[in-house]
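Below: the structure, in structure tokens.
Per-chain residue numbering starts at 1, and chain names A, B, C and D are given in the order in which the chains are listed.
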Amino acid sequence: MKIQEEQIQIENQKDLASHVESLDFLSNKLTKQNYDVNAIISKLADFQVAIPSWALGAGGTRFGRFSYFGEPSNLEQKIEDVGIIHSLTKTAGAVSLHIPWDVPEDYTAIKEVANSLDIKFDAVNSNTFQDQKNAKESYKYGSLSNVSQAVREQAIQHNLDVINIGNKLGSKALTVWLADGSCFPGQNNFQTAFQNTQDSLIDIYKGLPQDWKMLIEYKPYEPNFYSTVIQDWGASLMLANGCGDKAYTLVDLGHHLPNSNIEQIVSILQLKGKLGGFHFNDSKYGDDDLTAGSIKPYALFLIFNELVYGMKNNPQNPDLAWMIDASHNVKDPLEDLIQSLEAIQESYAKALLVDQDALKAAQLDNDVVKCQEILQGAFRTDVRPLLEKARLLSGGVLNPIKAYRSLDVREGLIRERGKNTIATGL
Amino acid sequence: MKIQEEQIQIENQKDLASHVESLDFLSNKLTKQNYDVNAIISKLADFQVAIPSWALGAGGTRFGRFSYFGEPSNLEQKIEDVGIIHSLTKTAGAVSLHIPWDVPEDYTAIKEVANSLDIKFDAVNSNTFQDQKNAKESYKYGSLSNVSQAVREQAIQHNLDVINIGNKLGSKALTVWLADGSCFPGQNNFQTAFQNTQDSLIDIYKGLPQDWKMLIEYKPYEPNFYSTVIQDWGASLMLANGCGDKAYTLVDLGHHLPNSNIEQIVSILQLKGKLGGFHFNDSKYGDDDLTAGSIKPYALFLIFNELVYGMKNNPQNPDLAWMIDASHNVKDPLEDLIQSLEAIQESYAKALLVDQDALKAAQLDNDVVKCQEILQGAFRTDVRPLLEKARLLSGGVLNPIKAYRSLDVREGLIRERGKNTIATGL
Amino acid sequence: MKIQEEQIQIENQKDLASHVESLDFLSNKLTKQNYDVNAIISKLADFQVAIPSWALGAGGTRFGRFSYFGEPSNLEQKIEDVGIIHSLTKTAGAVSLHIPWDVPEDYTAIKEVANSLDIKFDAVNSNTFQDQKNAKESYKYGSLSNVSQAVREQAIQHNLDVINIGNKLGSKALTVWLADGSCFPGQNNFQTAFQNTQDSLIDIYKGLPQDWKMLIEYKPYEPNFYSTVIQDWGASLMLANGCGDKAYTLVDLGHHLPNSNIEQIVSILQLKGKLGGFHFNDSKYGDDDLTAGSIKPYALFLIFNELVYGMKNNPQNPDLAWMIDASHNVKDPLEDLIQSLEAIQESYAKALLVDQDALKAAQLDNDVVKCQEILQGAFRTDVRPLLEKARLLSGGVLNPIKAYRSLDVREGLIRERGKNTIATGL
Amino acid sequence: MKIQEEQIQIENQKDLASHVESLDFLSNKLTKQNYDVNAIISKLADFQVAIPSWALGAGGTRFGRFSYFGEPSNLEQKIEDVGIIHSLTKTAGAVSLHIPWDVPEDYTAIKEVANSLDIKFDAVNSNTFQDQKNAKESYKYGSLSNVSQAVREQAIQHNLDVINIGNKLGSKALTVWLADGSCFPGQNNFQTAFQNTQDSLIDIYKGLPQDWKMLIEYKPYEPNFYSTVIQDWGASLMLANGCGDKAYTLVDLGHHLPNSNIEQIVSILQLKGKLGGFHFNDSKYGDDDLTAGSIKPYALFLIFNELVYGMKNNPQNPDLAWMIDASHNVKDPLEDLIQSLEAIQESYAKALLVDQDALKAAQLDNDVVKCQEILQGAFRTDVRPLLEKARLLSGGVLNPIKAYRSLDVREGLIRERGKNTIATGL
């Protein structure tokens, strides 16, 4: 299933008048305050977030999974789903594959599908937290950190294989998320586990093509419930530094202890030139993987405020890999992703409205009230017309959720795929 | 110091054109969506939040306190400060006194001051967490829960005295916050402490005038760091039920464990007709007492969404006592309170924009995406023009912080009071 | 597989001398301090904890599950596993079934198996968090709280069926754990969900045999990640009170927000006569379901201290249903359960050593240091000889883990069952 | 007041027989298991923990402070108090001064007092979180991180002064704890604050004598409630690395987000040779500063397990500075400190009982059950006889709390000092 340009035009006709009116009002107001509205819209239009291949089916919890009808049953269909999201939002121009769930059978064919939908292949993800059928070694007690050399070698080789697959598709980064850790005190020797991980990562790093990055994710707990080898940004950074210049820390918003100040982590990593990527989602309790911006939108805005600052002021930091890592089972996955994209763009737009010069001046004056007024002023602005305009200019729809429903996309997918397909993934 | 009407009019002239333009746009848009804009503005204008007398001086932490110049040095000056806030915002038409910090010397005079500023006396607060000079008994090991009958009797009598003071001023509620608890396992017998508290509260309840309410606050920790006698809403409700119909639970936003779903607590208490009052503030870690809406504005909106629902659908629940309980030492306290009031009004306005019928329909359809769109749609709306209009209609200023600064209020207070006054309070 | 008495005797011979020496020393010491050592041992011997049927296979997380060899593939084998644990520890004389995972095919046969192993049928557990094959209605959006009457009725009927099954086996209690809640703000109407749940529970309650109890579990989050209908003890107690005298609150140690003071909850529920049951496990982050006592043994001791106090001083509270609800995938499940049982008995023994009279006297003196000394004195005592003696007197082994390994139990089970069986459960 | 040797001998006579019996039993048992009991006792006797000068008076919270009678009113009396604790426990042979609360008036006299009591001067602590009378600049908005160069220079100079004072007394380390941070989003530029802090620390570092260490403490929040400049171990380590080889991270147990795995942090820092010091206390909610071991003794044991491992296996890491940083207002401060010392020694003793070879073997086998048995086996052992013996050999008392009370120490202090003295500190 593919959304046609005419369909988009018809959809946009419905809301165009209202959009123009809102944009005029906002644009006029912002221009009076010396904002360059077109520049902001242009930045929004350029901002692209990768969709992870595992978010296109229903997510589950350890207590069960409720399937969604019309799930993609192979990689091609997954990319088609991303294509649908992208054609509506023009913000999802990339897919992030998870190996071995998404090993292409025919590389040329897959690349053609992606190409035809204007979808790039973003960072590839390895999986050493599950045992694969017929695998010689088990990851039950860890992978890159395992006490067994044979297990570590299998896990290293898997990562090298993933790089190889990604390379054929045009990816430029490997994301390593390790579930390694322990469930009980004493189970692991922390130092041995850390050093094994460092050594394994170095072996993988050596296999990295010249123009690739390695993104090292951290997480304090789950699926291990006493310790995780790469528990926080400090550990990730230490390991990245141990690998070399092409290794970076990747921040997943859900991978933090309660009350963490994530925006500060993001800021300091950029200062050190070591923030490599970002996984968007939201959470109230743990790694809940909820829709981005659905629980703590102000926190997301504060993070974007740091990202915008860093993108401008920290040339030492590379371009970031952006990905959604949210997936839940009570929503249509495509609608869920569209809502995440909308929230991400909204936060980005609001962060672009923060008057950095005024903020700096207020900070130098210790005018805390003013600092807060500046941030809240940006956050309280209704930026939806800017997002609409950015989509309109890029050929997307004014209102993606509305269009998705109006175009009966899910019904079309069910017609094509049936009700009983199950997407690979969690 | 008192702000004059002419000053307000002059201030408002500056921003009037911009306000009219913004309000027209928003009003027009909302009217098309069938909102009754005037009704919303009218509700905002009616909404009044009490200012606690202890928030008018600089707050402190256990590590120290940095004084603010021009602090009010007596009760009359505290009420004058509330008057200043109220004249600007028209939202702070009440003061909540804390005894013994604010015992009036001349009741008639104090009532006249308050009256002239259109300030009412909201719930009065007792203090049994500090020892008063020359007090016979010490609260070191608790007050209403103390193992010593003499201590309990002193604490009960203090609460009765507070009721008496409040009664002379026109207050209609007593707020009881107990610091009672324990710092170490074993220090308290939980059951004895609970029963002593229940018995003490009943004795106080008996002294409550017919048209008064007793508001029982809960808090999981601090200043006791192992247990608190009234640790959560369940304990507070149990004690309120044990007292009688005039006893209610009071929710302070900062008094919860990490990740608590406060909006659900608020909702269920209203269902049972037992939510009596509300203390606004914000926090990232504990009872941080930060400016309302400064950290988690979406959570504040979700709470207001339940409050608005309850005010409409739960006649079994009484009118609520609203109070700010935030106070910090890096801002001018009056500016801090104005920012809190603005955030509270903003959340209320957005909650009033939630289309309850559409939400209910989406809930019945299990259309989770739509439910989220409805809430986010309301939250994303820039409602500041509605707040401005409500203030304008009530005789306040369009932009309170701006006016406060433009009118050199703090400088005026320093001129009147000097730099070295210290307000009673924490 | 069944462990024979002779095997146990042979095992015990190995450690008997060492045991006698240790017990003599401790017994002598405690007797000097006026403890009735035999009474304590007798209480330990009487203490029985139910094993949940789902803990006998490997547990899993949403990221995967690593199977264990020799898992029980049917209910009879599950009960045999409990029999093995019980024959070694003499503390696991009950099994708690989960329906529909464990519906007996032949009730008489199952009862005979259980009887022959001295295993009773404890509380039965219903399951409305997963959809069963061919079920008419889905629990995707809730069960007892669902907006759809048809779903609620199916869930009510399921609970009535579970009561019926339990009744045939001799169970005397139904445990209701609801996964119901919401993943996103707005998804649920909190009040409707709560009232639906109350009404559904009342319907189930009506089907409860005269001598049965209904145990209502609470949990703040997971698998729903924004709200849970029965989020805390306050909500559970409210619902129990709404049902009647036979409805109680059940406390699962892992079902609390960070830093909760669980011992206080336990104490207050006993004071009100409403603590019905207990699920043991341990956790560092969330509902981690780790081995009891493996992370916070002092907290477990403090909880037992309240339980011991309540069992003596709160005749208004009924006998409690004790169950382990821990299960993890990096240990042999039977060894895991044995470790839990050992930790539970240890905590109970230490709580029995708390000198309640001395503690009360110290509390009345506000002698906080002494209170702490009393609790720590009990906790620091090495009570393992008492547990050994209790097992010895009951026909169990001195050292269960050692015996389990020495007797090659797992190897025996694998011989009988093979490597590829999979137990029903999570 | 000074405790005499004869008094100690008289006290010890009372409990000697019981001690000998218990030690014999334990010693015998451990020896059979191949432990070198004398070596363990010797290590315990050598282990010394510094007492912070501010813990000798009553602690307080922001809600108030309840004084204790007989508080030390000057530095000499503070050292006398440490002397009392040390004479009883023989574990508190050092004091850690806090400047400016404890600036000596007469260095020779103070050193003589300390010397006569066998008390050394451990790390000195600077204070830039409070304004001192007549200080030119205020720390209201930060010290080493302040946007104002003048403030930073004052704070740097203060630290240099503190080094100078410590140097005269024989201290060999400076502990820097910064309260710097922000209360509201936007108040600080994270990167500027971090870089200012780094630069300031480097300036202080340059003033460090050759044989000194700089210990950099971290803390996630309080007294700032939105962000702290040195928020976690990663930030502290980064700053230490930026200073040089003599700069280390200092871990305070209470300075972590909920559920942090502190033992892993300790372990990894030792691996990197960068763990410099340790502040002992305990907490349930935040930086509660409760008595060490009073809330989570197993966590303290796990931390000591890593420390013992590191002290043996990480020659790259220096000797650690140990200090208690607990202080509370519901206990006699000296008794509180004695309870902390006892809990620390207990944890150390139990960690020394962990069979590291067996643990390593079990880890290599992924025998998680065995790993847990080994740790729990050590923890469950009643090691109090070993502590008693260590004290006995060193000239201390068998039972410090009992002796403290039997010798009427507090009454003696009150006789000497009166009831109304107030110790400097929080």
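Everything below uses one rule, namely that contacts are C-beta pairs under 8 Å (C-beta built on N, C-alpha and C of every residue); 3 or more make two chains touch, one makes a residue touch a chain.
Given the structure is predicted, the values throughout are model-derived calculations rather than measurements.
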Task: Chain pair repeating A-D, as identified from C-D, B-D or B-C when over half of the contact pairs by residue number coincide - done: B-C
Task: Pair of chains joined by more contacts [C-beta pairs], B-C or A-C - done: B-C
Open item on the list: From the mean C-alpha coordinate of subunit A to that of subunit C, what's the distance rounded to whole Å?
Closed with: 40
TODO: Report, in whole Å, the distance between the mean C-alpha point of subunit B and the mean C-alpha point of subunit C.
DONE: 43
TODO: Could you list which residues of subunit D touch at least two other chains?
DONE: 140-141, 182-185, 187, 220-221, 226, 258-259, 261, 284-285, 291, 294-295, 298, 330-331, 366, 368, 372
Open item on the list: Tell me the shape of the graph of touching chains, choosing from line, ring, star, complete and other.
Closed with: complete
Open item on the list: Quick check on the complex: what are the subunit C residues that touch subunit D?
Closed with: 21-22, 25, 29, 258-259, 261, 284-285, 291, 293-299, 330-332, 335-336, 339, 343, 346, 366, 368-369, 372-373, 376, 379-382, 384, 401
Task: Interface residues, subunit C side, partner subunit A - complex - done: 60-64, 66, 129-131, 138, 140-141, 179, 182-185, 187, 220-223, 225-226, 258, 283-286, 288-291, 294-295, 328-331, 426
Open item on the list: Looking at the complex, which residues from subunit A come into contact with subunit D?
Closed with: 140-141, 147, 182-192, 194-195, 220-221, 226-227, 231-235, 237-238, 257-261, 263-264, 267-268, 270-272, 298, 302, 305-306, 309, 313-314, 359-360, 362-364, 366, 368, 371-372, 374-375
